Each structure stands twice: as C-alpha cells, then as structure tokens.
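Take a look at the following structure, please.
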Amino acid sequence: MKLLWINPIATNVYDEPIRIYLESVKEPGTEINVVSFPPPGPTHLEYNCYEMWMMPQLLRTVRWAEQQGYDAAVIGCFYDPGLRAARELTQRMVVTAPAEACLRIAATLGESMAILVGRQKWIPEMKENVHKYGYKEKLAAFKVLNMGVHDFQMCPSETKRRILEAAREAVERDGADVIVLGCTAEFGFYQEIQKEIGVPVVDAVVAPVKFAEFLVKLRQLGWGHSKRMGYEGPPESELNSWAILGPCR
Amino acid sequence: MKLLWINPIATNVYDEPIRIYLESVKEPGTEINVVSFPPPGPTHLEYNCYEMWMMPQLLRTVRWAEQQGYDAAVIGCFYDPGLRAARELTQRMVVTAPAEACLRIAATLGESMAILVGRQKWIPEMKENVHKYGYKEKLAAFKVLNMGVHDFQMCPSETKRRILEAAREAVERDGADVIVLGCTAEFGFYQEIQKEIGVPVVDAVVAPVKFAEFLVKLRQLGWGHSKRMGYEGPPESELNSWAILGPCR
Amino acid sequence: MKLLWINPIATNVYDEPIRIYLESVKEPGTEINVVSFPPPGPTHLEYNCYEMWMMPQLLRTVRWAEQQGYDAAVIGCFYDPGLRAARELTQRMVVTAPAEACLRIAATLGESMAILVGRQKWIPEMKENVHKYGYKEKLAAFKVLNMGVHDFQMCPSETKRRILEAAREAVERDGADVIVLGCTAEFGFYQEIQKEIGVPVVDAVVAPVKFAEFLVKLRQLGWGHSKRMGYEGPPESELNSWAILGPCR
Amino acid sequence: MKLLWINPIATNVYDEPIRIYLESVKEPGTEINVVSFPPPGPTHLEYNCYEMWMMPQLLRTVRWAEQQGYDAAVIGCFYDPGLRAARELTQRMVVTAPAEACLRIAATLGESMAILVGRQKWIPEMKENVHKYGYKEKLAAFKVLNMGVHDFQMCPSETKRRILEAAREAVERDGADVIVLGCTAEFGFYQEIQKEIGVPVVDAVVAPVKFAEFLVKLRQLGWGHSKRMGYEGPPESELNSWAILGPCR
Amino acid sequence: MKLLWINPIATNVYDEPIRIYLESVKEPGTEINVVSFPPPGPTHLEYNCYEMWMMPQLLRTVRWAEQQGYDAAVIGCFYDPGLRAARELTQRMVVTAPAEACLRIAATLGESMAILVGRQKWIPEMKENVHKYGYKEKLAAFKVLNMGVHDFQMCPSETKRRILEAAREAVERDGADVIVLGCTAEFGFYQEIQKEIGVPVVDAVVAPVKFAEFLVKLRQLGWGHSKRMGYEGPPESELNSWAILGPCR
Amino acid sequence: MKLLWINPIATNVYDEPIRIYLESVKEPGTEINVVSFPPPGPTHLEYNCYEMWMMPQLLRTVRWAEQQGYDAAVIGCFYDPGLRAARELTQRMVVTAPAEACLRIAATLGESMAILVGRQKWIPEMKENVHKYGYKEKLAAFKVLNMGVHDFQMCPSETKRRILEAAREAVERDGADVIVLGCTAEFGFYQEIQKEIGVPVVDAVVAPVKFAEFLVKLRQLGWGHSKRMGYEGPPESELNSWAILGPCR
C-alpha cells in the first residue's frame, strides 16, 4: 500500500526526518512518501489563519494523491486541518490526521488522557476537536510545554525534559493514564518517555500512519468514508468547470 | 460605521441584491458594502471543500477590510467559514458570521429553535457549529428544504412555499418556537413567513449585520475579540515575510 | 427608545449612580430610567429567597413599564431573576438581564470566560444559568472575591485590587480570555481592569443595557420574544380577574 | 412526623381531595395537612409568572411550617417552584417537590421515562428541571395531553383515556419503561393506568410525600439540606429587619 | 420487612459489624440479615475482575433472597456490581446498591458532592457510574484517601484523620457541600465527620439500607423496577434449563 | 500473530462458522481460533444476568489465552462484557470487543451512525456503552429488528430483508450515514447490505478482529492497555491465593 504523509507547511525541513522516522514503524508492505509545500508560506500552523491559508494547496495535494494511486493520506498537523474537505474530495483513498488517530487509540489504551501542547494558544481549537471526536469525558488535561513548533527538534534534550515533566504531572496530579503528544513536531520522544513514566505515550506522527494502515485494510472490506451526508463530495463537473483542483505537483 | 459583507463565493450575483436588501435594515449611520470573489471558483459553499478553497481569498479580504478602515466584516455563509482565522488576523475590526449571530439571537427570542437548511448534506457541519456555539439543548430540529443554494432565489414562490411548510412542521411537530433560515441565500422571506406562522423567523443576512452593528458598539467599550488564546494572531513579521496577506483588491 | 433599568431591591442607593454610569455608554437616542423598590425589604439578592421575595414587585414593574411605553427593561441582578416570567407578561417590550447579556457577549469575544462573583454561595445558581444559556464548555472558572454585594462600592480601591487579582489568576492559571463581572454592583471597574490585564472585562451593568438596545432594534424587524411555548403569556382575562398586576408605581 | 402539603395556588378546591388521597399512602405515623392560599390569585401555575407571583406567600408558608414544628413540606407543583429558596429559609425541616421526587424515583425504577404534561407550554421549564436534576439521558419524551390543570379532575374518564393513550405511545413508540405524571392535578389515575400498561406510573402527589417521609428519616441521621453553598440561608437579623417573613397564617 | 445486605466478597469479617451497625439506623419493623460468600475468593472488590468473578454467586444469592421472602436486597459494594442483572432476575424484591443510593441522596441534600475513595484506581469505574446515574454536573471531586478496602477498619483513628482531611479539602478547595464516603468499608465515621465539618456526610452502608426501605414502601404502591426494557428478565424456562440459578445457600 | 475469538456462551454452534467467516478477512499472518463454553449455560447473552453469569469462565479464558501466547482476544458479544476486567487481568495481550471496535470505526467512516439491534430490550445497556465510548452525538438511532440472537442465522433471507429495511429507514429517515450491526450473530450480511444501500455497514464480527490486529501492531510500539488506573490489575499473589484463575481449558 502507498501512503502519503503531507506536511501542510511551506518548508521541507521535516520531510526527510519524518520519512526516515516512519520507516521503522510502518508495515513491510507500506510505501511512505512525505511532501510539503514550496516556500514562501507558513512554516508552522500554530495559528488557525495559517491552517486556512494552506487549504487549497492541501486539498490539491490530497486530490493529486488519489490520482497517483495512493491508498491513504495523512494530513500532518494535530489540528487535523481540512479533514472533512479532504474526505469529500476523495473516492477511494482514505484520509486521516493526527488528532483523530491519537484520540481513538488513546481512548482504547486507557481511561483518561492528557494532551501535551506547545502553547496555550493551541488549546481552544484542539479542545473543540477533542469534543467533536467524542472524548470530552476522557480528557484529563491539556499540559502546556511553552515551546513553539520549531523548538521541539531544536534542542531535543530540553524538549525531552519538558515532555517528561509535563507527562509526570499529568499522571500524578491530573490522573492521566495515557499521554498524547499534541504536535507532529514532537516526534522522536515517545519511546523513552513511556519507558520512564510507565504509561503509553502516543506519538502524533506514528499514530496516524498506523491508523491509516488500519483504515486501508478496512477499505478493502468496503468500509471507506461514507459518501452520503458529511463526506458527500461535489459533482466532478463542478470541480472541473471551476478549475480549482488541477494538477499541482 | 463601515461594514463589509463578504460573499465568499466566486460570483457577484448576490452582491447587489444583498446590498439593497440590507439598506432597509441597517442603522442610519451604517455604510454597507458587499464584495465577492472573481470567477472562476465555487459559486456556492455547499461542500466543505469549497469553503476551504476560498480561505486565502477570504482572509485577504478580511485583512484588506481592516486596512480600509472597516469597522466590521460579515463572512456571508451559514457555515461561518474561517471565523477564528479572521479574528486572529484583525486587531480592531469585529468579525462575525450568520450562524453565530442567528443562534445567539434565536436563543434569546425563544426556547427551542429549528434551522431550515437546503440539503441534508449540510447538517453534520452545521450541527457541529450549533454544539460549538452552545445551543445543543436549544435545537429542536434541522428541517431540510431539498433545495440547493442557487434554487432559493430562482423561484421565490416555491421557496416560500417550502419554507412555510417546513417552518409549520417545525413549530407544530418539533416544538420549535423560533425559526432560523440556515442559508444566506434564503433572504427575502422572513417577514412574510413570520407573519403567517406567528413565531420569529431569523434571517441569515439581516441577523449578522445587526449583530455586527452591535459588536461595533461594544468595541467602543473596549470589548473586542480577545487577542489572547483562541484569537491571538501571528506576529506581523511572520505575516510579512511569508507574503501571504498582501494587497488583494 | 426608552429603557428601564430595574434594581430589584428595596433600596435606591444604586439608582442614581447607575443612571449616571449608563449615560456615557448608552446610544444618543436612548432614554434610561432606573427604579428600585420601596423599603423595607431586601437590599441585595445574595440569597435565592430574596430573589423570590421580590418577584411580585418585579413583575408589576415590568408590566407597568410596558404600559408606560418602555421599549426595554433590564432586570438588574446577575441571577437574572424572573426573566421567563417577565417575558410571558410582555407583548412588545423586550426584557433582558445581566447574565444572559454578559454570557452571549463574552462567548462572542473569546473562547473561555471566567466569572468573578462575590461569594461562593452564589455559584450553584449562577452555574445553573451558565449551563442553561449554553456556555458550559466556555466556562473556565468562577472566581470568588469574598465580598458581599454592598462591599463593592464601599471601598473601590480594595474592590479593584481584588478584581484585578482574581482576573489575573483567571487568565494565567485558568486559561480565561474574557472576564465577566458577576454582579451588577461591580460597576465602575471594567475599563481600568481590562486595560491592565489585556483581555475584555464585561461589566454587568453596561452589557445588558447594550444588549437591550440591540434587542429593541431586532424587535423592529419582528424579532421579539416568541409568544409560543416558553414565553407564551396568560390570558388577559385571568390576569385581570386575579388583580395581580394592577397599577404599582 | 408532621408533613405539610402546600398547594401554591389561590384556591382550596384540591386541598381536601389531596388530603384524603394521601391518607391511604402515607405511613401510619405521618400526619398530613394541606394548605393553599386565599383568593384572589392564580388558581393554577401553568405560567411561570403565576409561579413567581406566589413566591412570597409560598416562602412565608414554608417558614411558618417550620415554626409550627412540621418535619417536612412539599411544594405541590411539578415546576418545583421556590425549592432552593425554601431550603435556604429552613433549618431543620426538609422540603421537596414533585419533579425532584418523581424523577429520582423513576430513574431508580427504570431506564427511560416519559413525562405526561397538560400543555406544550409547560415543556421548556420542565425540561430545564429534568436537565438540572441530572436526568437528561433518562428522558424518553414529553407527551402532551392537551388539557389544562383544572381539566384533569373535571372529567376523570376523559383524563384517564388521554393518559392511557399517551402512556401507551410513550412505551411503544418512544421506548419509555416508566411513566411520570407531570402535574399534581393528575392525581387519582396512576394505579389503573399502571395496571393496564404494565410499567410503573409515578404519581406527582404520592411520590413527593413518600420522598418527604424518606428525607425526614434521613434527617434523623444528620442528613439534612446542606447549609453551605446553595442552601445557605440569610442571617436571621436581615430577615427580621426587613420584616419579610412575619406571621402569615 | 426483611432486608438482605450482601457483602459480595469471600470473607465474613464485615458481616457482623455491619449487621450491628445497621441495627441503630433501620426502621423498627425492618429485619436485616448480612451474608457474604465462602472463601477462597476475593476479600475485596478493588479490581473490576474481582467484581466480575463474584457475579454468579451474587446473582444466585439475590435470587435466593427473593425466594426466601426478602423484600429488599442491597449489593454491598460502591461499584454497584450486578445491579441491572439483579433487577432482571427479581420480580417483587427491590434491589439497590451504595452508589445509586448515596448519589440520589447527596444530590437532594446539596448542590455539589465530593466522593472519598480509597485509591485512584477506583475512580474511572466510579466516575462512569456517577455519569450514568446523572450526577456529572453535581460532582465536585473525587478525593483519594490512599487506603485499601481493608485498611479503613484497621486503624480507625488514622482513617478518621484522613477522611476529615479529605472532606475539609473537598469543602474548602473544591466547593463541595456534601461528602459521600465511596466505600462500604468506610462505615462508622460519618457522624463524627459531619459534626466537625458542618456538611452532611453520606455513609455507604447506611444510605442504601434507608433507600431500600424507601423502595420497599414504593413497591407497595406498585412502583417496582420496570420489567420492560432494561430490567426485563429472561424466561423462567431458560433459567431452569440452564440450571444456572439453583439453590445456593 | 495469534488471535482468540471468544464466544462467551455455552454453545459451540457459532464457533466454526465464525472461524471460517474470519478466514477471508484476517491478515495473512493472523491465526484465529474460536472458543465457547461448555453447556449447560446461556446460549445467548440477551440478558445482562447471562452476561454476568459468564464472567468467571470468560475471565479464566482470557487469562488462559495470554498464558497460551495469544496476542489478542476478542470478547464476542456486542455488550462488550467484561472488557475492563479482562484488561486488568492481562499484561501483554490486547483485548477488545465488538461495540468498542465498531463504534471507533463507524465514527471514522461517517458522521452519524445507526445501530441495528435484535430487541428493544438491548438498547439501554448498549446506549450506555455508546455514551461511555464517547459517541452520543454520533448516534442517529437504534433500530430494532425484532429478532432474537439465534434467529439471525435461522432464516438468512428474512434476516437480510429486515436488516435492509431497517438500514434504509436509518439512512433515509434518521439521517445515518453508517450502519452498525449490533450483534455478533448478525454476521454474513454486511457486504450485500452495503452494496444495496450505499453506505458502509460495519459487521460486529469482522470489525473487532480487524481492530484487534491493529491493536497488536500498536502493542509492538509499546502502546498496550495502560496498567495504571482503570486497567491496573491485582497483584499476582492475590490471584494465586484465591485460586480464582486456575487452568480452565
């Protein structure tokens, strides 16, 4: 199966690290490519306006991915930007995103999850997603690391120190029994952290890829995104006449 | 005060009708302009992917509006597209949208509202908004008119007939005591309908404009969108370096 | 337009201060009168039993206001006492109250509000109202100032100090991005506080007056309180035969 | 133990029928008196404004009851008017009301309850109470009998016919397994109805009296209404100085 | 009336202490027996797997109790194990359990309850029960005593000290106005504690017995557990053919 | 990987059909065995008391499965009996069940699901599970087929007819866009039904097996059931001393 990880940002600095990172967790038959968008443009999506700004490029890429024969696409940002739109625009390919994947997994692993975010600013939109996905009662706390997206990989030892501290507090004070890393740029830490604190730490890069592999298998049973109601897509004729989703890559 | 109504679609067919329509409901001191986007592009936003497609143009327009000295902008679609992003990007100008305005008004006028939508497809996203805004317990029902966005103004007598029938059923069978017209293209009907059924019918064009006028007055008290947390915007330096919000009109 | 602010307490000590206070925030065409009830009787409504005690006088006053040609009445207590009853008893005049107005405004300005109350005792009833109005998910915290209603204006510098401290804690520890002053007697402080902490501070006297002005304008569109269901009022014949709402002022 | 049933209406037509009705269900040691208020005044509380109108008389009566040595008072209206206020004003005596009692009982007897009300108008306020007491998820439906309060005892055979029809529909169509009669004036029917439909039918006169007897027994264990927070009452000195609760009967 | 208290554990160490304890709180006409199960087997139910392990013995005992003419059975564990199953298997006898009884009582006594549990491990299952019974909004906090079930009676002075400390914190910091002791083994403390902290402390042994006495009286009105839907039981023929509920004691 | 499907009933009639049925959907490397319990005992779990009756055998089997080196166990009943207990008792093996798996999948495939159950009796317990898992807002309706567990495979053409009718109604009248078959005995129908109605139909046998395969892969990343809080298990010493989980097969 072919899977596309989309970094919906205008920098490719994470493309190769994420591709390599995923090599060790993917199934043998999975082929993973990672793409991002050309600069200039936002190199992170900490603000909702940056998310929105990236939408046309993101949707064109999703559409292109299906045309290229990808079986799955992962929208690589924990806000899950454009997930409904992407599902409208695809027929066969499955699409998922980090928050959806992490939350469904975390809710199965434990009873009470904490989400570790970079900045307090991220919380309102993420909280809305937690509620929308159904996990309001399973949310122990958001914990703020006070780091921006690009800080996580700058100084890994400091990042690890903060994640560990926040995770410990989440477990001991907030009663969390599962930790979710609430940003795709927090990759590379979950294994060490979970060994140290003794509860599962769900990684926002690994989780959606595994979930996507799972969804592709379900797809083979005929269980794809329902094309009625919320994920019903527009008629091809409209899409074509408005030329909004032409070749992009 | 200066108010900009933005039809976030690539057609100007509704611009002048809406401008004229609003003349009779605005306050004397309000100056209203209506803009839309150049074709080709979606001429309606029945699909979430169309909403998302329009985001950069919408955000550029919001930004431009503030620079032009507008006091308020209304994003003219009942999905309230890009509302958080628009508030991030503005400092002084208030921004609102039809669902937010209609729901806050309807919840003040009665105890149980019904929302009249064009197609069943619209419901999941609108239901999410109803819940997000806090009115889950106030929602009697969504009623489906089985009309597309552009049908509403095509044959007004048929539209009126269907709205009247759905509104009656909402009141009599679903226990609604307020009706909300769940699409900006349903304009021109509320007065006749509310006279016939005897409960308020909230119009999705009039309501956000009145609500915007209200918000502008609050703004003068220092009560603008909070720039902390959810509506905190990105640094100007980032916006400039990425050239994402240059002059657009 | 004519607006009546009702202090539903048996003292007129706040009548003139509130009238003057409102002069600077009302619209030019608004004429505001302030009334209260004759002693002896409760001079504050910190207890639900005092609220209930005031009901007949409050309802008579609401009724009288409509007969006198008022366009709007504000019930001046953050518990919003008798709001449903008042709406049943009026035909044309709009009625609102501080909690309804403050919460609808605060939910539009930010994502997470804190309500500053005088005493812990007030919380259960106010929390019920927050839930009833639909803002459970938007409530960051109640903060207790440990002051009674009449303390707020006694020593304004101390009041300001406590409000500032509680507001700061709400923002920094509880993640609030809007502050609501949960008592009408907390008037006179919002401007200084919001300047110091940098998030909007919604005043419980100003907010319902601005909201009432807004509702009066909606009323002219035919959008008054729905007279079906919850706000349906009793037949005039019953009211007359029971002589319960005769002339009172 | 001494129990006072308060009909908070200005007619004594139900006093003696209810007293007699309760004779057969009360415990041997319970002594029950029934009081109402002198005319003129509302003879039913179908409107919230009537409820509110009755508050001072109701509270004076509750207070008087405690002074007279009553162990329990039941506020005899399914809107549970003034329950918080009454608990604030009492020290030793327990106070309850029909909705609270019926809902706690019904939630113990089954999984899904239907409430049979006289008119649709009653639903918004009663629904708020159902939510407030915690039984939102246990509510199958409100069923409307289309009868006013005074109709129920006018033509018992017609009342019975309508209750039976509504109860059957609630069970068969709405999935209810317990029926609650949502008005104290619906007394005298529950036994026949529950025999015919085979699920418990909770009577709004009997239930609060049995619940009150239960609460009195709990009172002897020290489990009375908590005088901290919501049911904390005002200082006696204030009550006295304002002369609001003098002798009334 | 005859009431059976079932300690669903394989030790009789609490049987006689609980029987004696209940003597002073039961009504004069109530006859109470206490049973437990023969060893070897779990002597506490801190783990859900122990609860589940005990089910057949518990259900056989419930069934046997009805056959022996008991009017009520109390399942003596705060997880309320097997309550639905027990109600399915009985026709006439009422069945209740500590959490159901304590929560219904606490919600009537105050506005905000805290539940004092032995270990953090107990919280997820108990929280589910609190939500299921409808008291999510009434829950101030779970407080952890850091004691196992068998510790409570080991050193009563230490237990009392910890309960008092946790109760105080619940009242002062978490805003609780009622305390619930979240384990049947926490018996013997409520009176002293409530005297010291001034809010009701609901005991998990006393509460379900009083609630059971109450339910038996309701049973005489025909208000037993509904045998439709959730508590509908299997046909006797099936039970017999599978020999699963033969004589057990 | 080795997976055990447990039919927690005292009949092996479904063992071989389910084993064969799963052959075509499992991954190549998965080895699936199916077990059930020896008669006499319940041959279906339509009643909660039957579920509870089966617990010790179920838990012994789960425990035995882990000792035998199984990587995953599926508890084959849509009530998800004993899921928490099973997770307490295992260290390495993952455990899941049909409702958990079906709901997480359905919530990813669409926006609004309908669950097709055999009898109305099943609804209260299943509704509790839907709420517990977080999908209250995603539930369009329960649809009742009026068939017992053993009827489904008796006359497949009739079963198919009823499923099709209920699914159609769910889609057209209730607005569902995903169908969930709410009983493991409804196997063998999903493919035909989803072809005919055009929305995914999630099968309660296939779904948990695919979900279990997914969880096993997550397990390899260290993401197993959290052994803190809800799934913390008892000490081995206790289990051994009480001899409750000895060899069983």
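Labels A, B, C, D, E and F are assigned to the chains in the order they are written; within every chain, residues are numbered from 1.
Here is the rule we use: contacts are C-beta pairs under 8 Å (C-beta built on N, C-alpha and C of every residue); 3 or more make two chains touch, one makes a residue touch a chain.
It should be emphasised that the depicted structure is a prediction, and the values quoted were computed from it without experimental measurement.
Listed by label, the chains touching chain B and chain E alike are A, C, D, F. The chains that touch chain C as well as chain F are A, B, D, E. The chain with its Cα centroid farthest from the Cα centroid of chain D is A. Relative to chain C, the chain whose mean Cα position lies farthest away is F. As a whole-number value, the distance joining the C-alpha centres of chain B and chain D reads 44 Å. For the pair chain D and chain E, the distance between mean C-alpha positions equals 28 Å. Multi-chain contact residues, meaning those touching two or more other chains, occur in chain D at positions 111-112, 120, 123-124, 131, 137, 175, 229-230. If you draw each protein chain as a dot and join the dots that touch, the picture is not a line, a loop, a star, or fully joined; it has some other shape. The complete set of chain-chain contacts reads A-B, A-C, A-E, A-F, B-C, B-D, B-F, C-D, C-E, D-E, D-F, E-F.
Chain A makes touch with chain F in their complex at residues 25, 27, 96, 100, 104-105, 107-112, 133-138, 171, 175, 177-178, 190-191, 194-195, 198-203, 206, 210-211, 213-215, 217-218, 221-231.
Note for the complex: chain B touches chain F at residues 120, 123-124, 131. Here chain C touches chain A in the complex through residues 111-112, 137, 175, going by the rule given at the top.
Only residues 10, 39-43, 46-53, 55-56, 58-59, 82, 84-86, 88-89, 120-121, 123-125, 128, 131-132, 229-230, 232-234, 238, 241-244 of chain E touch chain F when the two sit together in their complex.
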